[in-house]
Amino acid sequence: MISRIMTCKEAIENFVRDGDTVAIGGFTTNRKPYALVREIIRQGRRELYIEGSGAGGETDLLIGAGCVKLMVNAYISNGAFGNIGRRFRRAVERGELEFEDYSLDVQPLRFHAAALGLPFIAVRGLLVESDLERRWGIPAEKYRQDPKLPPAKLLIRENPFNPGEKLVYLPAPRIDVALIHVQKAAHDGTVRIEGPAFVDVDLAMAARHVIVSCEELVDPEELRREPWLNQIPFIIPSACVHLPFGAHPSQCVNHYDYDPEMMHLYDRACRDDELYGRFLDEYVYSLKDHGEYISKIGPDRLGRLKVGEKNYVENLARGNGES
Amino acid sequence: MKSKQAQEIMYTRREMMAVALARQIKDGMVCIAGTGLPLIGATLAKLAWAPNSVIISETGIIDGQMDQLPTSVSDTRFAYRASAWWPRYRYCGFIMRMPEKVDLGFLGGAQIDPHGNLNSTCIGDYHRPATRFTGSGGANGIATNVNTVIVMRHERRRFVEKVDYVTSPGWLDGPEGRKRAGLPENKGPVVVVTTLGVMRFDRENRRMYVSEYYPGVSPAEIADQTGFPIDVSRAVEADPPDAGVLELLRKRIDPDHLYI
Amino acid sequence: MISRIMTCKEAIENFVRDGDTVAIGGFTTNRKPYALVREIIRQGRRELYIEGSGAGGETDLLIGAGCVKLMVNAYISNGAFGNIGRRFRRAVERGELEFEDYSLDVQPLRFHAAALGLPFIAVRGLLVESDLERRWGIPAEKYRQDPKLPPAKLLIRENPFNPGEKLVYLPAPRIDVALIHVQKAAHDGTVRIEGPAFVDVDLAMAARHVIVSCEELVDPEELRREPWLNQIPFIIPSACVHLPFGAHPSQCVNHYDYDPEMMHLYDRACRDDELYGRFLDEYVYSLKDHGEYISKIGPDRLGRLKVGEKNYVENLARGNGES
Amino acid sequence: MKSKQAQEIMYTRREMMAVALARQIKDGMVCIAGTGLPLIGATLAKLAWAPNSVIISETGIIDGQMDQLPTSVSDTRFAYRASAWWPRYRYCGFIMRMPEKVDLGFLGGAQIDPHGNLNSTCIGDYHRPATRFTGSGGANGIATNVNTVIVMRHERRRFVEKVDYVTSPGWLDGPEGRKRAGLPENKGPVVVVTTLGVMRFDRENRRMYVSEYYPGVSPAEIADQTGFPIDVSRAVEADPPDAGVLELLRKRIDPDHLYI
């Protein structure tokens, strides 16, 4: 059996190219593949297209580090931890980022279509009579010309089974690389997500390459005892990387809570270009790899984030920011 | 409408808003709520008078029994003792397939027009905005398919004749708007809870009017802070929060003052 | 909280009407809601439309008992246990059953479309250049006139994003009642399927009414500890019925294996009209309810079907039939 | 091609078929197989010479390590130590999205034509058939998207010029058929393993020819049992099963003689 195990460095080197369309699993502050994202920044990838849905600090980080040329957006937030998406917002306000907007109902359905090999998905009502339908962030010509994009943002067409009824036809995106962080993966590439799956399984099935980072690298036999609990079989991932705390500072069910300290720090840093540069230096560029990152955060702080039975840290100090 | 005891109780404007939001929820209602004031309002209703109400997060969490306040719609705190936590596509399908199972959805925005059309995308030109926001989230699907309660800061620049970008449709251009557009006609914005009072929409012309002003606010002040002509003739003073409800808010729901 | 608990009798009385379109969960010999089906037969429902996919003996039973007017078919089998679908086959051969044929790739996608509120799903290639595409079991006029059916079996239309490319547009079915048997349900209606979900979650979301039978009726708190493992939240089911061994003689993960003795008996009975009548009398009509059925099968025999760690009975005697 | 030892070993025709099926699988191949002879063949290959081959069930079971023979594609025995067991829609999507991940699919049928078009639906008129079968199963999706190995009883009434109903497309009407129809051109039926021998399809005209006849069968007998003209000029005698393989079949794979 071929092993899919790689180092984080190898996985990003092998499977993420400049100009790739990248989609990222998790949701805002939950199970975000931060370690993989930090390595992409470290390796200096450029001109990425991001297919986003419940984006969080990890996507803002990629944008802030200058890796992103175009973002298909639905939502970017760290929840109550300050006004995240500030690097995204600033990049749009400065005209430094191409962007498109869908809604958070539509993007998962587009991913789902791509995962199922459907050329598009036709829905009732969504986006209709809003500027999400009428005004496109990316010009129609660019959709037609850029092979990385579908031929249009959307099309309004009839329901062939009910002539006269207008539907919104949403094209499936083309995704080069999906990045997901999971609780368990085996040497063979079998993946088990514990807790909510969000869009991760769809991304894994939709993308040309899937890079999986995991909290625990386990024996395939452990996961194969209950195959129905494994969402992604071993024939799908391109690479599995063992990265405990790979979702820090976001949550990871059965492992750790989000890290309010880092969330607030990010919130402060992202308000100012210079501060932001220093933040990137300190937490990404100056650290050789995820191991150094984890050492920098330190075992005490990480230990305090360990979740109990409720799957969060009770009475975690969360209000010390400026939000 | 004021009771004597209530008048003597001190409370903040955000607390009043949370209570006004909570009052929209009757027992047994199913509501989609994001974090912040909407979730605080929904939780308050559930604890105070609507024990069988159900809160849904747009990440697919059904009926979380929150013990500690979540900071995002994907926070595991939102899913504590929930009935299910669906993958994303399942929630999206649910909203299209079974909107009748949902009574209310809570939305917020940066701008709103007289018919409840909402902007949460940008201020200024869409392609090169003065201020860009973080994205529509799931607001569009909610605004399309279910009745909504909207939370707004009540300022002239936010209550405008025409929003810079329609992120989520309200009643569009009036009573026939949704029908003409092919959107569900019987669903739309019901209430706007603001920093000054509670607005509703006229059944005939689907225009916003002032339904309630908070104690200490006058209808004239609301009209003045609204960037379009608004009917204040039906406005009454809102009941202030009572002590029990404030205690729930402060001690049980948001003791860390994350949102209030 | 409203309880969804009912007796089997009440659930079928309340939610299954003559002429309803019924869809049945499980797959051929796995987790088939046999007890619910036997009660439908007992109550004498007629003129049912069946939306089938991985149908097994339970669907053949409904057809054999004369409950079914029309079947949308993709596959009906009890695997190696004789040639099942014999009542289905005979009914078609005798002209006693209206039918349509799709494939076992297409039906789950139609259910999926219905579950997601999509009017149709458009696929590449499936059914194309086969008689499944060209020859319809149900005439086009009937599709147009019967409000219980979609407006057409399928339509061949262009991909609006890629003019010239032909796609197969498959309409979502309209399902009145879904029947599913699961491992765990709670009083409040929360449902957890252990093992493969097959089409069950889609059926539950697609149908107007869902009747759930369960092996174990548990406290909601037990299921709510890990909400991501519950596929169906309490707001969906119309009725929950506690029916241990409700899938007998099919398999039920974490509980029991299929019952080869009953499978072979069915295989023999379904070859002959008279034998079949006696089989129905003995195992359905003469038994008041599922409790009597279970007593008739008997605890010893059921005990031998109890699965171990491998989720089947090792060296189960399976070859004593004529297949 | 015969070895001396092999000639002395007794084996049944169904055992020969299982071995002929198994021989289509090389190490590392990913195959979709239903229960019965295809699964027995695939299991044999995996145990004998293709340890890294992967068996997929159309119910969404990926890489079961079968210990006891399943009696249906949804039998939990099929999923023993599998990598995953998907819900149905996920398998259906996989076959459309990633057919290149699958090397072979196994199909059976009641009738086949010279271009490998298969009927597994009915004999006679579709609406009032003389014999109705149980339905197409997932054959159509497999025939559309992946290369196939077909298992057939070799009889004149089954090998026909024109099948009564095309359940699964083969090469359609010849070399250009699939391209014209918009089906994947580079995928189609590769081998037909029958009760008499092994048929393949000519690369030029995509017509069936006799590739191998089993020991004890003559090419003429195959031609005689085929209801359309078939080229026997390239036919060679198949290697008989060797003792180790038969032992695996009898003792390890199907000791209860469920299928052989």
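All chains are identified by letter, namely A, B, C and D, in their written order; residue positions are counted from 1 within each chain.
The criterion applied here is as follows: a contact is a pair of C-beta atoms (placed from the backbone, for glycine too) under 8 Å apart; a residue touches a chain by one contact, two chains touch by 3 or more.
Because the structure is predicted, anything quoted here is derived from the model rather than measured.
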Measuring centre to centre with C-alpha atoms, which chain is farthest from chain B?
D
In whole angstrom, what separates the CA-based centres of chain B and chain D?
60
Geometric centre distance via CA averages, chain C-chain A, whole Å
37
Centre distance in Å when chain C and chain D are each reduced to the mean of their C-alpha atoms
28
Of all the residues in chain B, which ones touch at least 2 other chains?
61, 79, 85-86, 89, 92-93, 95-96
Shared-interface residues of chain A (touching two or more other chains) are 109, 116-118, 123-124, 165, 195-197, 201, 225, 228, 253
Considering only which chains touch which, how would you classify the arrangement: line, ring, star, complete or other?
other
Would you mind giving me the full set of chain pairs in touch?
A-B, A-C, A-D, B-C, C-D
Chain A-facing residues of chain D, complex
30, 52, 54, 61-65, 79, 81-86, 89-90, 92-98, 101
Once bound in the complex, which stretches of chain C touch chain B?
1-2, 114-118, 188, 190, 201, 205-206, 220-221, 223-225, 227-228, 230-235
Which residues, counting only chain A, touch chain C once they are in their complex?
109, 116-124, 150-152, 155, 157, 159-162, 165, 167, 169, 171, 194-197, 225, 228, 253, 309
Residue numbers of chain D touching chain C in their complex, please.
35-36, 58-61, 67-68, 70-77, 79-80, 85-89, 91-93, 95-96, 121-122, 126-141, 143-145, 165-169, 172, 177-178, 181-184, 256-259
Taking the touch rule as given, give the residues of chain A at its contact with chain B in the complex, in rising order.
26-30, 53-55, 73-81, 83-85, 88-89, 92-93, 95, 101-106, 108-109, 111-112, 123-132, 135, 137, 165-166, 195-199, 201-202, 251, 253, 257-258, 307, 310-312, 314-315, 318-319
